[in-house]
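In what comes next, chain A is part of two complexes: it sits with chain B in the first one and with chain C in the second one.
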Partner chain A sequence: MDETQLKAFVGIVQNYFDKITGNPAEVGTPFLGEPGDLPIHDFTGVIGISGNQRGCVYFSAPALMLREILLRAGETDLSDGNLADITGEIANTIAGNARREFGSEFLISVPVVVRGSGQHITMPKDVKAYVIPLRWRKIAASLVVSVGKA
Partner chain B sequence: MLGFDLGKYRTIVISIALFLVLDLGVLVLNFVISSEIDKDAVNINLAGRQRMLSQRMAKTALQVEARAVQSVPFEKEAEELQAAHSTFDSTLNAFIAGGATLSGAGSEIRIDRIDDAKAQAILGEARALWTPFSTQVRALGDKGTATPEAAATLARQAENVNLGLLKLMNDLTTRSEQLSSDKATTLRLVQVGGITLATVNFLIILFHFLRHLRESDRLVERAKRETDNILRTTQEGLFLLDDRFAIGSQHSRALGGIIGTEQLAEQDFLGILRPMVTQKTLDTTREYIELLFKPEIKEKLVGSLNPLSHVEIHQAHGAGETSTRYLQFGFNRVRDESRITHLLVTANDITRRVKLEQELKATEERARGQMGMLVEILQVDPSDMHRFLQAANEGLHHINGQLMDQSGGKTEQKINAIYRITHRLKGDAGALGLSILAEPFHELEEVLSGLRGRSNVSGEDFLPVTVQLKALFEQLETVGSAVNRIGQVRGVVTVEPPRPRVETAETPPRVVGLWQSFAMQIAERQQRKVELIYSGIDLERLAPVLQDSVNGIVTQFLRNSVVHGIESPAERRQRGKPEAGRIAVYVSQRDDGGADLSFRDDGQGLSIAKLRDAAVRAGKLTAEEAATLDQRRIVALIFEPGISTRETADEDAGRGAGLDVVKDMITTLGGTVRIGSTPGEYCHFRVSLPAQPEQLLAA
Partner chain C sequence: MKKLMIADDSNIVRSKIARALGQHGLHIVGLAANGREALELFKSARPEVVTMDLTMPEMDGIECIRKIRALDPRVRILVVSALSDKATAIQALKEGAQGFLDKPFTEAELSDAIGELLEDSNHG
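The block that comes next holds the complex of A and B.
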């Protein structure tokens, strides 16, 4: 995963926030995280990546941020089910755009939404993940890209 | 014959056609004979009526006579007689030669001549009797005015022919009944014969074809059993594909395991592949299959275009978990005559083979790539290497720590902190001759240099830093594992006896050799000549943390000295100096366990004017400030990041990094640095480092 591809993922998330809420998400300084110590918030949308490189990309956000997004989008149902849905929608947007941009390079799976701790997220072992901190209306979320060679 | 080939169905078609012809023949005959019988029934009725008319005419003739004798008018009887005569006459003529007469209901009907010799003989006799009588009846007329004599003559003649006509018409009736009965018998015979033949034909068809069908079924059953056995047993995936990309109704059992899904029969092949391969592969597969169905395309020519001859497939199994396998699909045309009806597809799972090939290839590549790296590693003392790897690893984690810090501090400080670590590690790697690490550190430095000159640096701008950091971690790990492997080999094979651990102060410490080698490398790149002289203690007497620090500081001083201090050989000659610049390094141990370092070169010394220009160029000072700042403050600028008297950067210098790293290290260790310089003569750095807390604790 090179810089251009990472930038594309970041751009997709920023565009989503901009389009849905009118405020783009702020990007913090990206850093490297160990597989067992990656930031996981309340809801996480995971996309599997395979092909020449294997791993996953996930967007993880706290419930507070997701509720705010729903309210901005005119939704009144702020149940957990709806929060999971909006997480899935963000992940789906990432997957859809990524498929358009990297369709010929990687195979991008259908997103899966995981609640709570990331025990069910399979990360590539022995590979440092790119953690891109996001901040929207002072609430922190994370975009994590962890891929290694197949 | 029929314009198309009946093939194996020829016999059954002919048999069924014969059956239908027989049925049709019986039907036609039935129709013809039935129609004849209908006509005979009419003739019988009319013959019966002739009997009745003969009697009526005799009776009416007698009534006419009686009335004529009594002179009573007999017009009514005369009319009745004429009517009976007319009907009898027309019927008789129609029987003989065919023609019209009145039916029983009084309407006109046409009847055919009775085509029977016996009946015609009877009719001939009847005509002979009838003709004279008929003449008399016509002569009588229908006015009822005949004379008694004429009436009597008619009555006598009626009496004469009455019985004869009655008998003949009786015979005619009997004969007609006989004819009709004969035809009914013929009809029954025809029906019985036809049905018998049809039944026989049906039984032939039944027995003949049942035997053949049973034989065919047996062959089909055997063929199916054999096919089933093949499909159940083969380890290959086998199936037929039609031109709509649909898989056939049968496929080998192994196919499910190979493709990874059991629901395959009559499914869309491309639909099954879609989630497993890239869109590009899917599109190419569609085009390739379409090509194979075009008869004008040579199968062998397009064989090499098969996109599935070696395809990587991916299947998702949950959150982020996917499995990758490699499959091989082969396509062969199935022809019926000249038409391509299907493609026979063979599928194999070649994952194991591909993985082995990949491993072999990766091993070969690693071996090739590691040769250069191993040569570099082998030239470095293992303990120096170990120390460097540890320091580099810590440095990279420190950089990552800087990146992780999202507290919103000054971006410039963050960039400078990362830069200092990078520059130090690059210098250390260079000093050890490890270009495999010095180069990626240099690349990171380049990225950071780009960020240093920018205002409004966003988090996203750090992405290339993080990407390069990851590459460095990986490269460091590669070097680390190579060092470990070499260590294992060294542990097994001892080529020469190990050197004694303790060296006398008279023997130049090992690190000095590295400094000398490093100084020579830079001098060569910068077209300088240089000589390094060391006096002082063996650095190993110092605490490890101080060893590393002194080593790092000297490395940076060396770089600074050769690049900025030592003049070119020609310039030195002009100034009356030896061509080779002289660098003197002295290290001593302080009483408290700390270290003092003296670093002096006989180069051109510090140029206050150049430093002023550099500070203005780097935006640290305005031209006005630079002009008014005192010399001591100007000299102190050499420790500021981004200040370089060089106008262009290269691998060795020019980015104003190096001495700021030294200052950073000295500050971290709680030490001091002093500078002495005379322009055109020398530059002298004196560094004093106190004992470190871990030393004190250890003591």
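The block that comes next holds the complex of A and C.
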């Protein structure tokens, strides 16, 4: 993945928070993640990538952030089911929007949501994983992009 | 009052669309979490307007649009999807959708998109 493609993901994340909550997220400098030490928060939405690229994209956030996003979006049901739902939807939207950069052969799976910060997400072994740190209303979350040419 | 069906695998998105489109005088007759469920609901409830996600389990939105259009060529379909590349939008329109709204969207954008869809339907 090159710098332009990484920047595309940064722009997509900023646009998502701005549009859904009215407050843009502060996105930190992306860095190369260590395979065994990637950030995992309370809820993680994982999207598998196939087609002209392969790998995965995941969005991981603490429950506190997800509750705030739901409230901003006018949702009153703040159950764990809805926290998982919004996590999967954010991951799906970010990965889907990346087709503008990667083209229509960038195929995305339906989201799989993993609950619990002690979980481990299995990543492709031979594709670098970039961590895009973000903060929204002083709450930290992460987007992890591990995508390479098929 | 036109009948509306909402198909999206996210409960949050279904709720958001339902809230926003209640103001358009649409009567919600079905909420579907995947394409197969949407097709079954369509057969029983016969909505005149459908909002359709594309990335869904069981049956994706494109296949569902094709099957729904085969059952009723007059139905108005607004695709609401994160797959925001031009090729996908063109494919959805070719399969029989009349509008395409990118996710993420604001309620105002959704209102505008459905307003255009209904206006075209009134003039058509």
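Basically, the second predicted complex is superposed on the first by the 132 of 150 C-alpha atoms of A that agree within 3 Å, B and C clash if a C-alpha of one lies under 4 Å from a C-alpha of the other, contacts with A are read in each partner's own complex, and residues count from 1 in each chain.
Definition applied: contacts are C-beta pairs under 8 Å (C-beta built on N, C-alpha and C of every residue); 3 or more make two chains touch, one makes a residue touch a chain.
Keep in mind the model is a prediction, meaning the values are calculated, not measured.
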{"item": "First (chain B), second (chain C), both or neither touched by A:Lys19", "value": "second"}
{"item": "Touching partner for A:Thr122 - first (chain B), second (chain C), both, neither", "value": "first"}
{"item": "First, second, both or neither for A:Asp80, with chain B first and chain C second", "value": "neither"}
{"item": "Partner chain(s) touched by A:Arg54 [first = chain B, second = chain C, both, neither]", "value": "first"}
{"item": "Larger contact residue set on chain A - chain B or chain C", "value": "B"}
{"item": "Which of chain B and chain C A:Val10 touches, first, second, both or neither", "value": "first"}
{"item": "Contacts of A:Pro30 with chain B and chain C, given as first, second, both or neither", "value": "first"}
{"item": "Which of chain B and chain C A:Val110 touches, first, second, both or neither", "value": "both"}
{"item": "Doubly contacted chain A residues - partners chain C and chain B", "value": "99, 103-104, 110"}
{"item": "In the complex with chain A, residue positions of chain B that touch it", "value": "276-280, 312, 314, 316, 318-322, 324, 400, 403-406, 414, 458-460, 462-464, 466-467, 469-470, 473"}
{"item": "Sites on chain C touched by chain A in the complex", "value": "9-13, 15-16, 19, 55-57, 81-85, 87-88, 102-107"}
{"item": "Chain C partner contacts - residues on chain A that touch it in the complex", "value": "15-16, 19-20, 70, 73-75, 77, 81-82, 85-86, 88-89, 92-97, 99-100, 103-104, 108, 110"}
{"item": "Touching residues on chain A, where the partner in the complex is chain B", "value": "2-3, 6-7, 10, 26-32, 46-51, 54-56, 58, 99, 103-107, 109-110, 112, 114, 120-123, 128, 130, 132-133, 140, 150"}
